[in-house]
Amino acid sequence: MKIVARHDEAPGVKTMRVEFQNPTDLELFKQRYRTGMFGLYGVYGEGESTFCVASPETRNEYIEFTFRQSGRVTSALANADIGDVITFRGPYGNRFPIEQFYGKNLIFVSGGIALPPTRSVIWSCLDQREKFGKITIVYGARTVADLVYKHELDEWGKRDDIDLVLTVDPGGETPDWKHRVGFVPTVLEQAAPSPENCIAVICGPPIMIKFTLISLKKLGFDESNVYTTLENRMKCGVGKCGRCNVGSIYVCKEGPVFTAAEVSRMPQADL
Amino acid sequence: MNEIFEPKIVAFVCTYCTYAGADLAGTSRLKYAPNVRIVRLPCTGRISPMFILKALQKGADGVLISGCHPGDCHFTHGNYHARRRWMVFRALLEFTGIPSERVKYSWISAAEGGKFADLMNSITEDIRKLGPFDQYNALIKETEAPATF
Amino acid sequence: MTRILQSDKLDNCVARWREAGLTVIGPVKNESSSSYAAVEKAAEFDFSLIMPDRSIKELFFPQTEPMLHYTIKKQRIDTSDFTPPPEKRIIFGARPCDASGLAIDDPLFGWDYKDNFWFQRRDTTVIVTIACTKADDFCMCTSLKLAPDSTKGSDVLLRPLQNNKGWQVEELTDRGRDAFNEIADLLQDGSGPAAPTAVVAEKFNLDACVAWLQNPENFESTFWREISMRCIGCASCTFLCPTCHCFDFQDEGDTYSGIRRKNWDSCSFALFTMHTSGHNPRATQSARWRQRIMHKFNYFPGKFNVNSCSGCGRCSRQCPVDMGITETLQAISTLPS
Amino acid sequence: MTIQETYKARVKKLLASGTVKMVIGYKPGTTADRRRPHFIRTPEEADQLVLDSACITNLSGYLLSEGLLSDEKAVAIFLKPDGIRSINILAAEAQLNSEQILILGFDSNDNQVTALEGEKVEEFTTLIESIKEQAPEALKNPLLEQIEGMTPKERFAFWQGEFSRCIKCYACRQACPMCYCRRCIVDCNQPQWVNTSSHTLGNFEWNIVRAFHLSGRCVGCGNCDRACPVNIPLRLINAKMAQEVLGAFDHFSGMSHTQEPVLASFKKDDSETFIL
């Protein structure tokens, strides 16, 4: 796949837009891709890395993905420039059952670099805005600089059909930061969305997910109305290599999208 | 079959002495064998045995490691540390069957452009006589071959 | 009617199979180590081994295997896939536990995406198993509801004769029959008495263990920490195991050309599950040992309806610190579920 | 009383009095000739303790188990002279505080176990010095000499044959008390110096790198050799390196807990006959 655009989101975090070079591959992708799925992005000579597809199924002409540069593969990806070719294997995994969200209020909660999977759901919904009720987005990062998709956050903030709540961890604010300061679960509780006819989609680091689930429970959310994606380390993507196992679940096959009810049945210590 | 074997030699050199020596060889218009690829490092103390293994892994027929004479190190004693390391690593390579003729060590100062040129010539000649490192190359070939079972 | 293959005819059989284009593989011991390896003559076989040090797995799922070759040129990348060698093979003298190990892994490599590297080898290989007449302290097939003369995964089962001069031939599959038709004239009709199969003591009560493992309350039991305290975190148990199947991909090469390889990997390595963020779902050795046991006796059977253990005992036999499945399950058997 | 019983009584006393929080020793294994590492935390657990000539594993690596020594409480451990030397190295390399370690020393010769006098690592200095004196003889090995007598081609072929069996299970590394790196060089992939695949080339590189990292540090306990599931004679290559540093730098690993690591120190007059 060819890189057609790249964008620096935050220190070490980049977003790439890639397009298929082969029309039949594009057709296959269009048939198969649904919001929530992931893929393995690779550079020959370095290897493959797993990230979610950050672009929604409503925009399936291309793939966008966001990653933090930290290892061998992500460094190679980060060094790739517009026009360079990278590999993509996928899409794999299951999807968010978006049609089940029709007519409901939605709340998206995410933290740090975990906005990309949420973002693909957000855009899937925004592209058919009329089908949903109230949309609330709670997004936080460690510092202002660590917020990703800043341009889209601006866009969402300006729309009056989205309730956007931004926060940074205490100490991460800049003097001109106009939004909240505090950890995501706390801010979520302050925002106090009504659990009535509402679906929550959460994604973030394991520790944030843990406390956000507690907060949502406090607010009265039912576990079956809370969705999350488990981004485990993966290599094969087809339920063989064994590293994404959580209990008997192959996250790459049966996930990565789970309801909080499903997650609570998994062995918690192995998450 | 009269083709002359042109060995590939990788030289890891310290920037303060040997690299300057190589520079001097160049500016003095001394001609020496073009078989040597120079990798410049801050100090011989930085030359990890990993580099030698990597060079062999990538198909080098010989490796040269060179730096400042003892006492001349820009960092006062980087080359003393290196010397011990080489001593041990050399014995290890020999014991595992990687001939010491293929991995050579030298001191070349910034003033020894002539020594640099001579050494490059003699090492190239020596390794040309030894021929390609067939045993190691066979291992490299094996990694590129399809599974046999 | 039973047929007999006499030991002194084996060399002819090997020659005949080789003429027919089969690679003949069997248990071979050199000075320090043993494995299933290709032979040219029957004399190279060593049937006296309890079992080779290395399991049969590596003949179907090699420790390292090239997957694809890439070359990067200006404006284009070419790739070509490797395929497993097409040669037909016959493995003569496999142990029943090894053969069942292969059958156990079939559903894993077959679900969802069918792994051609595994199945092409499975399809071109005839497995001739010899029932065990001796066992050691580590053998535990009977505890896994298998036996020293299990037929699972085998194409032909041979039972050693009491006089030690041959084997009773029991053909189990068409593939096995074809291979033995090739040498039909070297077989004899009739049946001598078979040597008694090895007695393998039952070491633990599998059902009780599985019940304990399935109880979610036991997941965070202190038992796991106690039992795995001396585990040093190497992978010899997983790599020698005939059913452990985890792997890794590695690219070897440079920006011009190289090879993507599939290598064995192990759940006992700390880096196996490590996330980019530094978070490690299985951060301790006890969590990793728990995963191995749970995966074999709880998760895998939950998915594929079969325990991922064939009872060969290599994990305990070769463990540097004398741990293993046997000890763990024995200890679990004594715990209240 | 046998040595085993004497030590058992001592272990119980140490634990009962709270002098140490744990004793690392041996207990019976699956078969009669096997011993398992045994972590004794209560006097009752000491009943299982075994001390005989089958206790050969060097247990010192367990001292570096995460969190074990971080509370600064004392731990007692059964060690043979090679194990005591590894404590010295670990202390010299700042991996542990030797003050925290109480040594229950023993040695076995001809199936006879003898107790070694002393508790603190310094008390064994004379013993280690005498081992050093015997080292040139003790490190000799017929196979080693045979390999040294080979041509480079033959040596390469010999090791190629041995290393081709390696399955990269890293049992050698994990069993070695000296291999304590949080992240081993083979697990570092930027850049990937050593091929992680276990083809012969990758195996060759891995074993060379490990031998180099153990040069002047290996105490010859044989843990790696015994752990290897495919029986590669790893002990030979380490013994060869031990001979080399002994001959070249008069360095014998694990002499004291303040000994300078051989490759992190130098003398101005180190031999350099091989340098052009």
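Observations on the model:
Letters A, B, C and D mark the chains as written, and numbering starts fresh at 1 in each.
We take it that a residue touches a chain if its C-beta (ideal position, glycine included) is under 8 Å from a C-beta of that chain, and two chains touch if they have at least 3 such contacts.
Given the structure is predicted, the values throughout are model-derived calculations rather than measurements.
For chain B, the chain whose average C-alpha position is most distant is A. Each chain gets one centre point, the mean of its Cα atoms, and the points for chain B and chain C are 45 Å apart. A separation of 50 Å divides the Cα centre of chain A from that of chain B.
Taking each chain's centre as the average of its CA atoms, chain B and chain D sit 33 Å apart.
The geometric centre of chain A is 40 Å away from that of chain C, both derived from CA atoms.
Listed for chain D are residues 195, 197, 199, 202, each touching two or more other chains. Shown for chain C are the residues that touch two or more other chains, namely 248, 250, 252, 254. Within chain B, residues 143 each touch two or more of the remaining chains. Contact between chains, as defined at the top, is found for A-C, A-D, B-C, B-D, C-D.
Within the complex formed with chain B, the chain D residues making contact are 147-148, 150, 152-160, 185, 191, 193-195, 197, 199-202, 204-205, 207-209, 211-212, 215-216, 237, 240-241, 244-245, 248-249, 262-268, 270-272, 274-276. Touching chain C in their complex are the following residues of chain B: 58, 143-149. By the touch criterion given at the top, residues 38, 58-59, 62, 65-66, 69, 82-85, 89, 252, 254, 259 of chain C touch chain B in their complex.
Listing the residues of chain A that touch chain D in their complex gives 71-72, 75.
On the side of chain D, the complex with chain C involves touching residues 29-31, 34-37, 39, 57, 61-62, 66, 165, 167-171, 173-175, 187, 195-199, 202, 223, 226-227, 229-233.
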